[in-house]
Structure formats: C-alpha cells, structure tokens
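Presented sequentially are two complexes of chain A, the first with chain B as partner and the second with chain C.
Right after this comes the complex of A and B.
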C-alpha cells in the first residue's frame, strides 16, 4: 500500500538523518595486501599483467615492483565468508538505512553505478582501511524497477599510515519492486542462460497482418489505394484521400531519404542494439515509414542522407524493413 | 599480455581497443566473487539468486570492475597507471552468456587518456563506463 504524504515525509526526515554520517567504525582489511590473493584475483579475471604477477618484470615497470591490481582495492576490506550467512540485525548505518526503507516497502536493492579513484597503487604489506559515509540520498524517483531512492555512499581507503590510497562512490537504488512476470524466476533446467530476448513484436490485426505477412516473405510492401493510387503507411482500412476501401499494394524499391531521426541510448530494452537510430524515412515512392538505420555511426546520421532499405532478419527469425546508408552511385 | 606498453604519443582520440570476449562460465562468475571476497549469496548460490527473481547467479560489481580494469591494461601495458574507473551497470552477467568488451579512446591530455568501455551480453550492455589511465610519455 502506498505511503500517505505524512508517512513519506516522516520517512524522508528519518532518512536525512543518515546523510553526511559515517556508517560505523572504519573497516580494516583482515589480511595485508598479499601475493596469493593477488594471484587468485588475476586468475579469476584472466589478468596476466606482469606488474601484478612477476616481481622481476614488475621491477622494471613504472611501478618499480609488484603492485596489486587497482580495481582490487575494495576487495581488501570485504567481509568474505560471513557475508554468505546474512545478518538478522543491521550491522552498520548503511544496513540501518536499508532496513528503514525496507520496512516502508522499499525492499528491492540494486547497485547502479560506481566510481573509483586510485591515489596510489597498493603493494604487498599494505594494510587497507575503509571509511564509508552516506553522501547523499535522492528525491524519490520513478524507475523501470519501481519507485525508489538512490543512495550514494563515499568510501575513503587509507593505508597503515592513515594516508589516502583511493576512494569510491557507490550508488544503489532502494525501490518498491514492481510486479515481475513469473517467467523471470523459472529454471531453464540445464544451467544454460535464457535465450536472448527478441524485439517487441507488432500486434498483427485485420488491417495490417497482410503487410507483415509479405515482409515475412522478404517483400517490402507499401499500401496503395486502388481507387486514387495514393500510398499509405502504416496500412489502414480506408483511403484518407478518396475514402475507397479497395486497397492494394506496390513493392518499395527501398530507396529513400532520411526525413527525421532520433537516437535512443537509454533506457536500453533487451532485444535491441543500442544506440538505436530511430528514423522517419521518406520513400522514393512518396510516403514515409518509421524504421531504424543500421551500419551507421550515430555521429554520421544526417537529415537528407540517402538510405537503402532491405528486409532485416533478427536472430529469432523476426523480419522487418530497415535502412542503411546508400552507397554513392558508381 | 605482452610486456610492451603503449606510449601517450602513440594514442589518438578515436582509437579503438582490440575487442575481448569473456565467456561467462560459472567459474568466472563464482571465482570472481570469491577472489573479491564477496560471498553475497546471489553471486554463488543459484537457488538464492532464483529466490530474488533471477535465472541464475550474477557477476558481482568487483568482478565487473576487475574485467574493465584488465581490459584497458591489456591494451595499455604494464607501465600504465589506472587513475579512475567509473562504471554504470545494466543487464546482469549470467552463466552461459558471453560478455563482449569494446573500447574507444575518447580523450587524451597531459599524459592521461580516457577510454570509454562497453561490456555487452545477450541482454544488452552489462557495463558501460570510462577508465582514465596515465601512460608513459613518448620519445
């Protein structure tokens, strides 16, 4: 049940109390930076950088000796095996904040973005200590996962002398989970990843199924009125020029000109190749169609450019007309 | 990787890094979680992952960071010094898929180049971000 305005104000006031405060005592790495953990990391990441693995080779690099992979910084203060047990009660300020939100229905959590800076590379023997502060909490946002708050933490990593070795900001979304389709939780059974998603299919109804059926056969049709010969797209039951309901079609040559476009970068729905160049194409026959342009860099798209249409087939067999830049005439 | 390092003077904005395909085996996902000391159950326990509406275990963020860093230093060489890694997360990496990594140099000044990195799986971009890396000066 959604919170009342008063309940939300009360929740937000409690949340604000966390902002700017450390989540608890600094986390000190259980083990000093060490070669076995570096080697295990490199094995798992497939990293063969000699600066991390080969003391002799490392000595002749700018690092002057073995160093730990910089992106491993956070690993030195992670809690390890205990994390698998879960916690009945919040252990630190961040967990208290998450519980506060969870108790108000914001039960979902997902990491959205993170940024790390490396003041210096860590070397075997360094002891890493992490201090984390709740840096900010956003206004409530509507996201594709549900309504939620973005919580940003900032962690400063220090060495055994108290000197900063790096920092990290980390943003999570705490959200009210939207209803999920049940299929998301089904087990594929064989351990294989689910089939890659396909494009969202157009509904095929009485007035347009014939058009898609022709596309399925590799033809690019344009509807034409048998009465006045006007062209239409998308297909419709009645000619808006002469009101005839006697409709036929002609085959498009595919030649066209870019009339208008927009580039879709975000949000990235599964099943599409982003960035998507969504195009309104003026066909040489004289009508326009919404489609996309492929085999073209976004920066090369220009209104008025010549395009060449073809029937594209997706990995799942779905066919639709698309366009690519026309080759200049030889 | 080779022991040769790229020099700053060798790099131009618009340069593309060689692609890297990372097969997402259970070993890569679980091994990465363990190597980064992240034992959160969704990264190693399939039934826990399914309890959260996922099909299978998912790669943790530290492993993603590890691959992004490795991808750039594979290209830049052992003399490169990574300054910053900034990533945005999208479609989760799950076993059976492949993460295809690509990168482009988007800025270069004062000995530091910025590489835009994308790691893409069958569901879309798993990660996109930028890595700032200091390179040796040219001769």
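Right after this comes the complex of A and C.
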C-alpha cells in the first residue's frame, strides 16, 4: 500500500530528526596501521608501489618511510558488514534510519556513490578513528528501481591526536522496490538462458504488412503508385499525386545519402545496440526512409555521406533494412 | 463577412496545481483542483460554465470534472489531438464557441501525472494495431521511440544547414533557467544553470543534451474563457485574445515530418503565424513578450523564425546577448518554460501569458501590450496573441 500524504509527512518528519547527527560513538580501529595489512591490501589490489611495501625504498621517498595506501583509510576501522544483522535490533543511528524506512515499505537499499578525500598519509602505528554523521536526506525521488530517498553519510577519519586524516561521503538509495514485469524474470526454471530481447517489431496491418512481408523475403521495397508511378514512403493507401488506390512497389537499390541523423544514447531500450545511429536517408530513387547506420563509429557519421542499404537480420530472425557507409568505388 | 476570431474572447481565470514529480493523487484530482481554482480566479459561479475543451491525451472526462467541481449544463465540449500541439488549439475551440454563441464560459484544462504516471520518455509501443501504431512502427524498429529522438533528427539538419551551435541551443536553456530561478512554482526555482553544466550534461539523443529537453511533471492547469462583454464583470483581469489559430501543413506527420523537401523549418507554425497576425492586425514588431513552446531548446529557434522575429536560419543570433530575457527585445518563457518550470503540455504557458498581461509574472517584462503564446511543434499546432482589454 502506498503511504498517504499524511503518513509520508510523518515519516519525513521522523527522518529529518536524523539529519546532522552522528550515528553513534566513533569507531576506533581494532588494529593500528600495520605492515601486514598493507601488504595484503597491495597483493589484493595488485599495487606494487615501493612506498607501501619496501622499507628501504620508502625511506628515500618524500615520506621518509613506509606509508599506507590512502584508499585503505576506511579499511582501518571496518569490522564486518553489520548493516544487515542490525536490522531487527538496530545498533546505531544509521540502522535505526534504515529500519524506519524499511518499516514504511522502503525495503530496498543500494549504494549509489561514494567520495573520499585524504588530508595526510597514514603510517604504521597510527590509530584511526571514524565518526559518521547523517549528512542529508533527499526529497523523495522516482528512480528506475522505485520511489525512494537518497541518504548521504559523511565520515570523518581522525588519528590518535584527534587530527583529521581524511573524510568520506557515502550515498545510498532506500526505496520501495518497483514491481517488475514478469517478462523481466531471468530464471526460466529449466536452466536454459533466457533469449536476449529483440527490437520492437512493427504491428502488421493493411497498410504496412505487404512491405514487411517483402522485407522478410530479403527485398527492400519502396511503394509506387501503379497509376502515376510516384514513389511513397512510408506507404499509404492512396497516392497523393493522382489519388489512385492502385499501389505497387519497386525494389530499392539501397544506394542513398545521409540527410540527417541522431545518435540516441538515452533512455536505452532493451533489444537495441546503444548508441543507436538513427538515420534519415535519401534513397537514390528519390524518397527518404528512416533507418539506422551500423558498422560505423558515431564520430564518423556526417550529413551527406554515401550509404549502402541492405536487409539486416537480427539474432531473433527479425529482418529490416539497415545502412552502412558505402565503400568508395574502386 | 463571416465572424473572425479577433477580440471575440478573453481569458478571465487561471488555476493551477503545484507542479511536482509525484503528485500522490489522481489525474482527475489535479484537473478538478486546477479547474476549480480557475473558476474562483474568474470570480464566476461554477454553474455558469457551459463549455469544456481539453487534449485527446487527457484522461479526465469533462463530465467527471463537471460532477466533481459542480458545474452544470454544458452546450459545448471538444477535444484536440496531437499532444502539445493542442495547447492553443483548445483555446481556439473555446473562442469559436464563444464567437458563435455555442457557449458563454468555456473551461480549457490539462492535467497529467507526467512523471509518476505514464512518462513520455518511456516511448511509444503497444500491441493494438491502430493507424497511429502503424505510424510509429516506421520508426520504432530503428530505435526512434522518444520525442527527443524525433526532434534530434530535425535539430541535426537545422544546425547543419544554418551553422547553429550547441552554444546557441544553450542560450534557450540558460535563459529559461534564469527565469525559473525567480519563480517559486518552478521545479528549478533558485537552481541556476551555467554554460559549463549545460555542456557537461549527458547526451540524450545527439545533438540534444539533457538540458535541451523539458522535464516530466505531475500537475494541472486550467483557464476560463468568456466573451469580452462578460469579461468586464469577472473578478480576474482579462487577457483579450487578439487572434488565435490552428494549423497543420502539407506532408505533415505526427512528430516525424521527415519527408518534406526542407525539414529545418515549421510550415505549420508559419501558417499559424500568418493567421494570428492577419486576424489580430498585428505583426512581430507589436509583440512585447512571448511564451514559446519549449519541449526542446531547438524548437524555440524555429518558432522565432516562423513568427518573423528574425529571418530563417538567424534565430541562433537572435537568442544571444540576453535578447530573450527580461530586458531584451523579446522576453520569452518568463515562468521558466517547460524546460525549467513544468511540463504541462504548454498550458502552464497560457497561464504565464495571462500573468504577463496582468503584470503579475515573477519575471514581469516592462512592456506587456501583446504577448504571443504558441503550441507544441512537430505536430499539428496552434498559437495566439493575448492583449490588454480596451
């Protein structure tokens, strides 16, 4: 059940009470900054910087000795992932806030982005302590995952003298999971991988089915009036030149010139290869058609370029005319 | 001499909901709120309303609004197709009804949950074979499914033909945003936009970037229109309709008129301009300010050319140097437009046109004798010139 306006206002008022407050007492690192943990981190990351690993080499750097990789900052105070186990009995302010939202239907959570800043390098022997504050909560946003609130925390890292050594912001989305269409389910149950989606196919009616039937057979047709021989695209039931309803077709050579185009990047519909280069092509027969250019980099597309049309077949068997850059004549 | 539509009607009431991204209420609730506020603004008895007009796209039936608001017997009701192109078309219907005596007080309305409900950016698709769907099927298989993708195709050609640059499109986005910053009803209230932010924003469909595209909004707007004689007895200061017209032009398609010899212009808007100038007896020099339909930045350039504010291909120069901001030659979209205030299919632009005539805009232009308001383009469209009561 969606919340009523009043319920939502009540929820938002409760949420606002968390903003600007620490989630609890500062976390102090269980171990001081130390060489074995630095070595394990560097092994995992594939980092071979001697300033982190080789005491002799490090001694001759500006650091004058071993230092820890700055990106390890948070690792010194981490102790397992306990957001999940804290759900039923929240241990800190952040868990209380997440439970509040979860209890109101905002059960989903996803990390969206994080930023870190470093004030100084940490050295073996430093003791790191982290204090986290709920920095801000957004207004309710509609996202692809569902309606939700972005929660930003700011953590300040300090050393044994209370001096700041760095900071981190971390943002999560707490959301009401949107209902997914059944077609989006990926587990078919029989172990077979689901077929990748195809592009949207045209519905076939009286005025266009014949055209697509010809394309199915590998032909690229242009409608032609049997009365006055005028060409038309898209096909129509009557010729606007002579008002004949006796319509036929001719086969396009595929030779054309790019009249205009757009490189479509957003939103990305399933079944298409993005970015899509959508093209308005002037066929040498004299009509235009909307299609796509493939086998061409977006930056190489230019109005006026010569194109060569052909019947393309998708992985699912759907056929449609497409264009690629024409090869210069030998 | 048949009746012309010159000075036959005046907008006397304007009502709107708040504009949000998630209204939490039905589209009918939005429509009813907007209509009720417009009736109150006009200071008339709801029972006086005897005409209704909206978009074919609007899901709210006139009879349902009438029952909810408590308007009574109606003698005229009508719907106009083609999305935002209907925006002034609904006013055109009202003025025709008033000029012929088919109605005395007409309500024009549009309400939608454009962000939390059906979003236009979700594209067009479906499984019922209609002529409309056959039309879109000449584009969908090749990836053209959204308004941005259709308009991008025209924009690319226009830029190629006349040398317009991204910086020129940006002038439209930046100027409307500058206006929205002062409008508390605008989504982008107090949120300015810089050229760098505009340029760095992601591509939607090249050459259109994020801020070349309007928003999606939940909200509703309604206006009450009556005859100039009755307008004198209304509470709200009237905005007289000097001229109003609809048009579609030869070889028009819905958003995809890509087969005309020239696609870097708007023949249907040229035809609207010709009519509204003829009906009103006014010309581009007489227009002090305008609400130019801005679903995308580029379509504003073509309309400035269609209405003769500059020559064909020269809108890129016209929009420079603050020319389309308050204090410039032609302040446009002083509410922030659909790019920066809200996307209510242009009907929020009618409300702003009336506010400018009344002297009540949050970015009030100094001169406000005549204000042009246009409908959506790429589709069959519409436009009108508002003026002061004599």
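FYI, the second predicted complex is superposed on the first by the 171 of 330 C-alpha atoms of A that agree within 3 Å, B and C clash if a C-alpha of one lies under 4 Å from a C-alpha of the other, contacts with A are read in each partner's own complex, and residues count from 1 in each chain.
Convention: a residue touches a chain if its C-beta (ideal position, glycine included) is under 8 Å from a C-beta of that chain, and two chains touch if they have at least 3 such contacts.
Treat the numbers as computed from the prediction; the structure is a model and nothing was measured.
Novice: One more residue to check, A:70. First (chain B), second (chain C), both or neither?
Specialist: first
Novice: When the two structures are overlaid on chain A, which partner does A:210 contact: first (chain B), second (chain C), both, or neither?
Specialist: So A:210 meets neither chain B nor chain C here.
Novice: Does chain B (first) or chain C (second) touch A:80, or do both, or does neither?
Specialist: After superposing on A, A:80 lies in contact with chain B but is clear of chain C.
Novice: Looking only at chain A, is it chain B or chain C that touches more of its residues?
Specialist: Of chain B and chain C, the partner in contact with more residues of chain A is B.
Novice: Under the stated touch criterion, which partner chain does A:57 make contact with: chain B (first), chain C (second), both, or neither?
Specialist: first
Novice: For A:278, using the defined touch cut-off, is the partner it touches chain B, chain C, both, or neither? Pick first, second, both or neither.
Specialist: second
Novice: Could you say whether A:115 touches chain B, chain C, both of them, or neither, answering first, second, both or neither?
Specialist: first
Novice: Quick one: classify A:43 as touching chain B (first), chain C (second), both or neither.
Specialist: first
Novice: Return first, second, both or neither, reflecting whether A:201 touches chain B, chain C, both chains, or no partner chain.
Specialist: So A:201 only meets chain C here.
Novice: Thinking of the overlay built on chain A, is A:261 touched by chain B (first), by chain C (second), by both, or by neither?
Specialist: Only chain C; A:261 stays clear of chain B.
Novice: Just which bits of chain A does chain B share with chain C as contact spots?
Specialist: In the superposed arrangement, which is not itself an observed complex, chain A uses residues 269, 272 for both chain B and chain C.
Novice: Can you name the residues of chain C that touch chain A in the complex?
Specialist: Counting only chain C, the residues touching chain A are 21-22, 24, 115-116, 121-123, 125-129, 131, 133-135, 137-146, 149, 152-157, 160, 202-208, 256, 258-259, 263.
Novice: Which stretch or stretches of chain A touch chain B in the complex?
Specialist: 37, 40-41, 43-51, 57-58, 61-63, 69-72, 74-75, 78-84, 86, 111-118, 121, 180, 184-188, 191-194, 196-197, 268-270, 272, 274
Novice: Write out the stretch or stretches of chain A touching chain C in their complex.
Specialist: Checking each residue of chain A against chain C gives 2, 5, 8, 140-142, 147, 199-205, 207-208, 233-234, 259-267, 269, 272, 276, 278-280, 287-288, 290-292, 298, 303, 318, 320, 322.
Novice: Applying the document's contact rule, which stretches of chain B touch chain A when the two form their complex?
Specialist: Its residues touching chain A are 1, 3, 5, 22, 24, 26, 28, 31-32, 34-41, 44-45, 50, 53-56, 61-63, 65-70, 73-74, 78-79, 81-91, 94-97, 122-125, 136.
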